[in-house]
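The two complexes that follow have subunit A in common; it is paired with subunit B in the first and with subunit C in the second.
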Partner chain A sequence: MPRTDLLRVTVAAVALFLVAATLALRLDDYLLYVVTLGAIFATLAVSFDVLLGYTGYLSLAHGALFGVGAYACGILTAHHGWPFWAALPAAGLVAGAAGAVIALLAFRTRGLYFAVLTLGIGLIGHQLFLVLAGLTGGVGGFVGIPSPGRPDWVPLDQNGWNALLALALLLATFLAAQLFVRSRLGAACLAVREDLTLAQALGIRVGQARLAAFVFSAIFTGFAGALFAAISNFVAPESFTVLGAGFQLVALVVVGGMGTLWGPILGAALLTALPEALRVASGYSLMAYGVLLLVFVIFAPRGLASLATAGLARLRTGAGFRAAPAGERRP
Partner chain B sequence: MKPFSGIGAACALAMLATPLWADEIVVGDLHPITGPANFYGLPESRAIQLAVEEINAAGGLSVGGESHTFRIQTEDTQANPTVGVSALKKLVSSDVRFVIGPLSSGVGPALFPIIDRSDAITQIIDGTIAEGVTNGRNIFRNQATVSQYDVSVVALFKAKGYGSVTMMTDRFHAGFVGTQPALAASLKELGAEIAGEEGYKLGDTDFSATLTRVASRNPDVLLIRGYPAEGALITKQARQLGFEGQVVWEMVSPPSTVLKNISAAEMEGVYNCIPATTEDYIALGNEKAIALEEAYRARFNEPAGELSVLSYDAVHILKAAIEKAGSLENAAVNAALADLTVEEVPQLISDYVPGEGGQLFDDKGQVTLRSAVSVWQGEGWHPATDVIR
Partner chain C sequence: MIDLFVQQLVNGLALGSTYALVALGLTLIFGVLLIPNFAHGEFYMLGAFLTYAMVLAGMNFWLAMALAVGAVILLGCLVDRLAFKPVEQAPPLSMMISALAASIILQQSAMLIWGGEARTIPAPVTGVLRTPFFIVTWMQLIVMASLLLAAAGVWLVLNRLRLGLAIRAVAQNRDAALLMGISMFQVRLATFAIGAALGAIAGALLGATFPIYPTMGVNPVLKAFVVLVLGGIGSLPGAVFGGLFLGVVEVMVAGYISSELSDIGAFAILVAVLLLRPQGFFGQAQVER
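For the complex of A and B:
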């Protein structure tokens, strides 16, 4: 892909970040918190899209990797006195290392077996958060995680600073993912997704590509976990269950649009805002969530991204548009 | 006159009875209105509503010579920490400075660091029994802790002289899991052998494997710690598998929830070791509890929840503290709460043990609720006065 295209994406992403940050910082603390959570889940979704959208492997262990990053940050900052800025990269590396181990084990399988194997790993991870109470606080949760340090020269309160960090992490993750998918490894990942046997026959180093995608995804999932822990000041195992965080990631990417990187950001924005918007009728919140998933899988399987792209194309040409039906392959 | 008699008419006249210039004090009601714990949370929220309507109908609050009324802003925690934090942020953004709740042992610790470092929020916890979520500065609790629940268990073992026990605990309940080692140690000190410690989780329905093991050990007591839906199933399946010992519960357990999973006959004789709940106070003839029950039934067409008395009390505690402070400033109200005596809140229903000097809260902001044991007889729980008077 031409370098100018990457430059254009970068400029657009930075511009959108600046707009989002400027608008967000005008919001009250509650809406700012919703934006902060949305940005963290968007970071998770983008990093997950690198694996699911670009290699086609469905991991259900990412909820646990999110927890690994969160607990690593909590332990390093609260128990060992590390500053947040040292704990953040360390948490990413710990999650990346855990991701590498999981990947080496899980890539012995494919398809449904890969999903089931990572499901098992996700369950083990969640149980470990409960059992290792000395480190994690067990079922009672990990209390007293320090907030991300705010420099004196920053003219924001802690809530504004948290939101800015979450948006900045999303920007960094998105740009890093753009670089990754445009690299030789990214191209190899696409080949793996489209036809594993053909990729192997062409001499593409399939194992290396898949491993790199998984580790990349795990590192940024760990970053998101670390920031989530520092912003919440508290984490508990129930935030990192397979049925909770694990499947939620899948939903964010499917609703947003797999293999686009920007679609999952839309998915995260929608699926974070929806439960908050439905607070007054929270009994219907989960139902609305389920209906949305059904609608997208049946009528727009390539997610919000495909709807947005088709809408833009329609505006340009004046022609009608339709979302791709289920089962239609990407170009 | 009963506090709730004619409440319907009183509420209708509330706006007339209350001066039009009365300022509103918004109370944040933070409970699980939906989700797996809503059978606890909704009755708590409704009791807050009733208490507020009663106070407003009686003329509201007098703060430094000015008249004020309460208004409730309810936010749903869904018993989920992330949703709970979001709900609190929403209250704070709406400039709500007095909060009652939450219920869940998962949500309480998640809210603690936010409220602990704030000087603009005063919290009265009426639900969660998790340890370490009060500070005596701006966070107070009029609910018991798990340790206080355990006191009732120890009292029962002491009274009955049981020789062995197997504990079955919801392993995701932070409070029960946290105090299990201390409870086991206390029971051992009484001479009871710990025959086993088993775990289960909310939503489990088949306990046959675990209970077969329990039945084979044949302990004197099967102690179940967690939630009533599972408690009922465990009790039922234990009996079906031949367990003949005493079943003891340690949980807030509305009969309506219990009886969904077990018959009243199968529950006969089961003990429950928690401080007295709404139903106990009614059974003991507490007039204020009876009045609350009548008002609740009249308004919502169903009985009050087991924890409704605590939520009702929490509103009156807040009212008393604000009036004592003579100010709406959080710092002044916090100081008044810390200094509040049981006698200064005559509307209280629950049986609080006053501290030295008659204070309601200790220096950590925690009340002491009198220990109690109930026994299932007929269709519900009744005070086991032969165990604890």
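For the complex of A and C:
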């Protein structure tokens, strides 16, 4: 049963990817860039949700992990001449290793302490990007990161290729996350989220499960960082602050719907599309994030995903709904 | 050599006093209501900006500060009502997210009103006090004195007033306090009022020394969380001593090692303390039930 379910999800995801890619490639360059960025943030949101939504830990260090991936890719490609396709997995591994160290420190605490501890680590990370100017270019930023190499047989320009890569990374992350949350480890993560003490009492290896969730999310955050660096050709520490990127991730996942993997994609699509659709100054976009976050956490704590599910359910029962009052008897 | 050390110590205590003032309000709200109030930094920022606006309109600094504190108290109660009360029954994660959202909204509102550039409030008191061992500005002394007054004031309210008794009862056991007929409404209001007032005072005083800008609350509130963890969450002496300790450490790291590393030093201490003594210096170990 779960296997056929997974098959259905995979087919649906691949189909959606193909539709999204075909539609996106018809857009003009500016909108294509918005789609590319949106896909990168959706990738971040999906991997973050494995930790926040499925394991129940609010990490504020992921902005820095995103930066670790980006700088790792930049250093390897620009300074050491690695091709992008070698730097991408390496950046994921570096971010994963950093994530493992952070996780080993942070999981000694929980709840608010976990949030505060990861916040401290996120701040240290951001400061290190500034201080280690020899490696990262410091406050001026890291320039000259080569774009991801495009094979000759691809009939696309660089912008189209970038968008395709970002969408493909999103697809890969989504499928990997689907596999992860359906695995035994994923089930153990859910148990940790619901009741840590009970999970321990049942003999579930909670340490292993939540470490796996953290490292999983760190690796894919690193991939997203690497692609972000290669596509932008330039990165600076401002992109990886706790209250910028770190907070944005929380917003995307909460608005989209914690604990579903497609919800965060909706959230990322909405929150990247919204500022573009409204064509407002960038100053308002952070404000919109705050307001949306507050509205969702109060009125729809399970996010867009729950609203969409409820809407679909109502549509489906719509026919029966109209007939119901006559036959219904109130107790 | 010794002179330099004493001077650094005084500077550290002055800096630490501001951390302690911010942390005092934060720890009170967290200790009593279990709200991780990220928006506390914005109370601090608005205390500074409202004072600035009124001083600019020609008002006396101290009067402006008193009015600003009053305004921030009202705002604090409003934030509680709009952002925290609705998620009271939700899991703690919702409370944290709600607090982050409130913080961003207040910050961006200030950005829209006053713009992003840094400003300064004309200092009400200038000049320095010279002693044989160190030099200290009068503003620094006022900040340190305010910390002492604020800490004493909070202690008096908590330990000598009926309201304080109610607040402590809620902090100890919310359900039992409610059964004893304590009005949660009053306790919430009082706690948020005191907390917001402490934040606003710190902001107004700091604004007279350092530049003010809409995101100025971010760093102090993060430092205040560090202080909270250092001192033990919900412990008032912990907030005071933790704040002073953090200030001294930062100044010493900046003075003797490198000023670039002072923030890293502060957060590294946070990580170390959380690992070695998660309940903080003054906190009690949490028993899980």
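Here is the rule we go by: the second predicted complex is superposed on the first by the 310 of 331 C-alpha atoms of A that agree within 3 Å, B and C clash if a C-alpha of one lies under 4 Å from a C-alpha of the other, contacts with A are read in each partner's own complex, and residues count from 1 in each chain.
Keep this in mind: contacts are C-beta pairs under 8 Å (C-beta built on N, C-alpha and C of every residue); 3 or more make two chains touch, one makes a residue touch a chain.
Keep in mind that what you see is a predicted model, and the values were worked out from it rather than measured.
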Touching partner for A:276 - first (subunit B), second (subunit C), both, neither: first
Partner chain in contact with A:268 - subunit B first, subunit C second, else both or neither: neither
Partner chain in contact with A:290 - subunit B first, subunit C second, else both or neither: second
First, second, both or neither for A:141, with subunit B first and subunit C second: first
More subunit A residues in contact [subunit B versus subunit C]: C
Partner chain in contact with A:189 - subunit B first, subunit C second, else both or neither: neither
Contacts of A:31 with subunit B and subunit C, given as first, second, both or neither: first
Which of subunit B and subunit C A:239 touches, first, second, both or neither: first
Footprint overlap on subunit A, comparing subunit B with subunit C: 130, 283
Partner subunit A, residues of subunit B touching it in the complex: 33-34, 75-76, 78, 80-83, 85-87, 89-90, 92-94, 105-106, 109-110, 112-114, 130, 132, 171-175, 177-178
Complex interface listing, subunit A residues touching subunit C: 52, 56, 58, 105, 108-109, 111-113, 115-117, 119-121, 123-124, 127-128, 130-131, 197, 242-243, 247, 250, 254, 283-284, 286-287, 289-291, 293-294, 297-298, 301
Residue ranges of subunit C in contact with subunit A within the complex: 30, 36, 82-83, 86-87, 90, 92-94, 96-98, 100-105, 108-109, 111-112, 215, 218, 222, 225-226, 228-229, 233, 260-261, 263-264, 267-268, 270-271, 274-275, 278, 288
In the complex, subunit A residues that touch subunit B: 28-31, 33-34, 37, 130, 138-141, 143-144, 232-234, 236-239, 275-276, 279, 282-283, 285
